[in-house]
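By letter and in written order, the chains are A, B, C and D; residue numbering begins at 1 in each of them.
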Amino acid sequence: MLTCSLHEAIARYVEDGQTIALEGFTHLIPFAAGHEIIRQGRRDLHLVRMTPDLIYDQMIGMGCARALTFSWGGNPGVGSLHRLRDAVERSWPGPLAIHEHSHAGMAAAYTAGAARLPFAMLRGYIGNGLPAVNPQIQSVQCPYTGERIATVPAMNPDVTILHAQQADRDGNILLRGIIGAQKEAALAASKLIVTVEEVVDTLAAPMNAIVLPHWVVNAVVPVPAGAYPAYAQGYYERDNAFYLAWDDIARERDTFTAWMERHVLGTPDHAGFLRSLPVASRERSEA
Amino acid sequence: MLTCSLHEAIARYVEDGQTIALEGFTHLIPFAAGHEIIRQGRRDLHLVRMTPDLIYDQMIGMGCARALTFSWGGNPGVGSLHRLRDAVERSWPGPLAIHEHSHAGMAAAYTAGAARLPFAMLRGYIGNGLPAVNPQIQSVQCPYTGERIATVPAMNPDVTILHAQQADRDGNILLRGIIGAQKEAALAASKLIVTVEEVVDTLAAPMNAIVLPHWVVNAVVPVPAGAYPAYAQGYYERDNAFYLAWDDIARERDTFTAWMERHVLGTPDHAGFLRSLPVASRERSEA
Amino acid sequence: MAAPAYTPDEMMTVAAARMLWDGCVCFVGIGVPSAAANLARFTHAPNVVLIYESGTIGTRPSVLPLSIGDGELAESATAVVPLPEVFSYWLQGGRIDAGFLGAAQIDRFGNLNSTVIGDYARPKTRLPGAGGAPEIAAHARETFVVLKQSVRTFVPRLDFCSSAGFMEGAGARGRSPATGAGPRAVITDLGILRPAADSEELTLCERYEGVAVQDVVAATGWPLKVAAQVETVAPPTPEELKLLRDLHARTRAAHNRPAILRALKRLP
Amino acid sequence: MAAPAYTPDEMMTVAAARMLWDGCVCFVGIGVPSAAANLARFTHAPNVVLIYESGTIGTRPSVLPLSIGDGELAESATAVVPLPEVFSYWLQGGRIDAGFLGAAQIDRFGNLNSTVIGDYARPKTRLPGAGGAPEIAAHARETFVVLKQSVRTFVPRLDFCSSAGFMEGAGARGRSPATGAGPRAVITDLGILRPAADSEELTLCERYEGVAVQDVVAATGWPLKVAAQVETVAPPTPEELKLLRDLHARTRAAHNRPAILRALKRLP
């Protein structure tokens, strides 16, 4: 385990062409890390995420991705991800191969990945068109009942990146609240980077809390508000206004590009990104 | 969900010949429920438990069981389960069919049971003699890599019985501490009985606590000290002296039978059982 | 007192809410399903158990979540479990009574498309995709589909099948590995369709006040079967309308509240 | 100062403890493995990570647990996870550096029996069984076996194979699906055996002070291979002995403390 800057963590662990998962199911989405990947100009990534959300819309629109594995690609509560659509429908800024699953299939694939099984089973994809367009979806026969059960190959990212509430001085990570498939994505990966709201002396973790022990974490990076505009339970709420505003920002290529150049490429780090937004001045004036 | 007495819960849900699991991995072992099954004279049960522990030693010795599925059958920290050995080695008080797994195999079987999959996979039983003596252990071929992976059939008990710390007035159950495969065993079963230390107005459950919601529980039974001589985190410790003493009590058939007649068959309920033990008078005098 | 005026959307939401019974364990999606399920909780079904696919079991939000994983869902839940567990132990495990689904297209057998308009490889419109819906459709004991009725939505042939209804009908679903019974009703902004007993083809069984049967037929992209007797759905009661409008008003206020970014105050 | 006297059991425990390195992630069983792993933590390896199969990860008990799931293991753990997860994500997931195993029988290739003495169907002695050991033996990156040496225990042929060592030797394990490397050392009360480079047959490499090579050979049920140079293991240091004895004394005191059954006070 290594505590370092976000710049160092991405520079050290994320390489062009890799399969990477930035997980977090509506909650604890690692926006800061995604922005840093964009700043460092990574290319040809195979992006994996159950719900691509705004962060993958941004990474796809900025040309970081060659492929996307996902199960629901919308702007939650708002509508479409326009950059994802533009990539799929019109190959802009480049072609994007998609590997589409259901949530249950993606969750099973991460679970097999964490358990180092080569595949996972589910009673899934019944009467569903995805097996016809995603050759990863196969089946096995039950050795006891003879029935056929759908399978998905294990998902083992080269790098998984999470955002969490706290790390302690040893690098143990505490996650609290809606947890999605983060633990599975973390344990399925070859390398794990975790950005955290803060580093504390002792995690105030209840006995059965969700804790990732320090020896499975390759880099711990303190990034306050690192999930913004998503939320971190106990720290800040989701900025719903930003999710709504994104619909307009991302609808056209030029407004999208201008926004990304100003707020992501034009800022040195996450603190700079936050300061570049209206929300920052508003919140800071309330301090 | 129904709050009732332990007598009523066992009378209503546990029938001769059923497959039943009293789970709890060293912690929260439902001793009171096991004793009540003995009192009600259930026969021909297929008992399922990762670690049979003293409670199944007692049930086997009292003739409740026709079969046992398990993965480690000792007196933890002490040695053998003499009644289990007597049943396996000398068919006393009757023959006992055994279906033996590793812990990993049992855990996988419960997991498949909870997920209503017909079987579970594990990279298990490698270079191990159990597949030769347990025909339940089979394998499937991975549709992606071609490798063979060991399988176990799903374990779906007719009835699972747990002990937990707390229920609230609605019947939601909170478990805290070492949890074993209790949640899986609970969700794999057709019926679920939970004995609890106490019923409270509100569970003080942290956000990611282990809670079984009321609508998966068929009977909630308040039984203070219901896991004694095992322990309930936050309520009482394991009575290690009792586990040590059991080695002598259970070694011979006559001392075992006399003990069971006096302390279990000779007492009307768990409070009576506890009062019949030296521990009770000692503790109560300290009150 | 004259009954208050109401919109077709309000009628649809109220009709959907009435489908749930007290104590029902309901897997909820965002949008009208979420509004309907919470309205049921505030009216006739106070003990309905709501589960969102984010892992929040028995949640009791005071406002409607904007995303499926809003913080209030976790704060007010009986349990917050990992997402793989939601789909394996709870949904596939057969623990869900009712699933609420929406879609971009539906066919006469209640099969749903939420994936693409046009060809999958070269889509005219790439939709968000199915998310949790395929397995909700398969494994909830029954489902309710909620969507506005139009010939663009109620189509003779789906561009893509995301979630199974009755498949080809006439018992096809019963012969499949799907463990749930399939759609019990399709609730639209015009009326309520239910599967016919043998063919399992969706049939107009109920219409709302002021809606003519031919309006519903005209908004359907196939020759819609109509029940011998089409009942009229009771309009929203004043209490239902008030609670629904209060819920939406609370929701709007909450979603417009600025995110409090305490962390920003710690920025260098 | 003269070195204090010590028992063969103490020497075995100290030798086993020395196998662990600081920061090592170690899957621990009850008995000598637990004493050795905790002794390592109190001596040269303060950052060893101990995992018991009860799901306690990173536990730091002050006394040795009597059972694998004692409450103090949970109270002092970094995380307490469900048992299925311990075996799937952590052990099978390849997250364990070292596993500590005991057994009732061992053969020349480090295969272990903890299941039965005699025939499986008609056993002379039914042992508790393998528990977590088969998969610890398969998937920990390496294992250490700790058991007292005698011809009854070190047998030419196991009555039952519970946990794989090097199987038939000479690379058999490497060709199997086992992901871990197998036994790195067998630590007995007489000395330390290690697998030979090619044959993978256990070979006496180290003996304790006061133990002759022929004592070890005589306590082995097959013709024991002996290394060209058998090193002598350094005896327990005064500090090791003191810490081990303190640990055992604390453990005895804790296990003799009466269970405080607060619930009894509420009995009717």
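The criterion applied here is as follows: a contact is a pair of C-beta atoms (placed from the backbone, for glycine too) under 8 Å apart; a residue touches a chain by one contact, two chains touch by 3 or more.
Everything quoted here is computed from the prediction, not taken from an experiment.
Engineer: Tell me, which chains sit next to both subunit A and subunit D?
Structural biologist: Under the touch definition, subunit A and subunit D have B as mutual neighbours.
Engineer: Tell me, please, which chain's centre (mean of its C-alpha atoms) is farthest from the centre of subunit D?
Structural biologist: The most distant chain relative to subunit D turns out to be C.
Engineer: Subunit B to subunit D: how many Å between their CA centres?
Structural biologist: Measuring from centre to centre gives 27 Å for this pair.
Engineer: Compute the distance, rounded to whole Å, between the mean C-alpha positions of subunit B and subunit C.
Structural biologist: 41
Engineer: Calculate how many whole Å lie between the centre of subunit C and the centre of subunit D, each centre taken as the average of the chain's C-alpha atoms.
Structural biologist: Inter-chain centre distance comes to 56 Å.
Engineer: By residue number and range, which residues of subunit D touch two or more other chains?
Structural biologist: 74-75, 80, 88, 92, 179
Engineer: Scan subunit A for residues touching two or more other chains and write them down.
Structural biologist: Residues 116-117, 122-123, 147, 177, 179, 183-184, 207-210, 233 of subunit A touch two or more partner chains.
Engineer: Touch graph across the chains, line, ring, star, complete or other?
Structural biologist: Its topology fits none of the listed shapes; call it other.
Engineer: Can you give me every chain pair that touches, using the contact definition above?
Structural biologist: According to the stated criterion, the contacting chain pairs are A-B, A-C, A-D, B-C, B-D.
Engineer: Of all residues in subunit A, which touch subunit B in the complex?
Structural biologist: Spelled out, the residues of subunit A in touch with subunit B are 116-119, 121-123, 138-145, 147, 149, 151, 153, 176-177, 179, 206-210, 233.
Engineer: Give every residue of subunit B touching subunit C within the complex, in rising order.
Structural biologist: Touching subunit C from subunit B are residues 114-117, 172, 183-184, 187, 205, 207-213, 215-216.
Engineer: Can you check the complex and tell me which residues of subunit B touch subunit D?
Structural biologist: So the residues of subunit B in touch with subunit D come to 25-27, 50-51, 70-74, 76-78, 80-81, 84-85, 88-89, 100, 102-104, 107-108, 110-111, 122-130, 133, 147-148, 177-181, 183-184, 197, 224-225, 228-229, 231-233, 235-243, 271, 274-275, 279-280, 282-284, 287.
Engineer: Quick check on the complex: what are the subunit D residues that touch subunit B?
Structural biologist: Per the stated touch rule, the residues are 30, 53-56, 65-71, 73-75, 80, 82-84, 86-88, 91-92, 111, 115, 120-121, 123-135, 137-139, 160-164, 167, 173, 176-179, 255-268.
Engineer: Enumerate the contact residues on subunit C facing subunit B in the complex.
Structural biologist: 23, 25, 49, 57-58, 74-75, 77-80, 88-89, 92-95, 179
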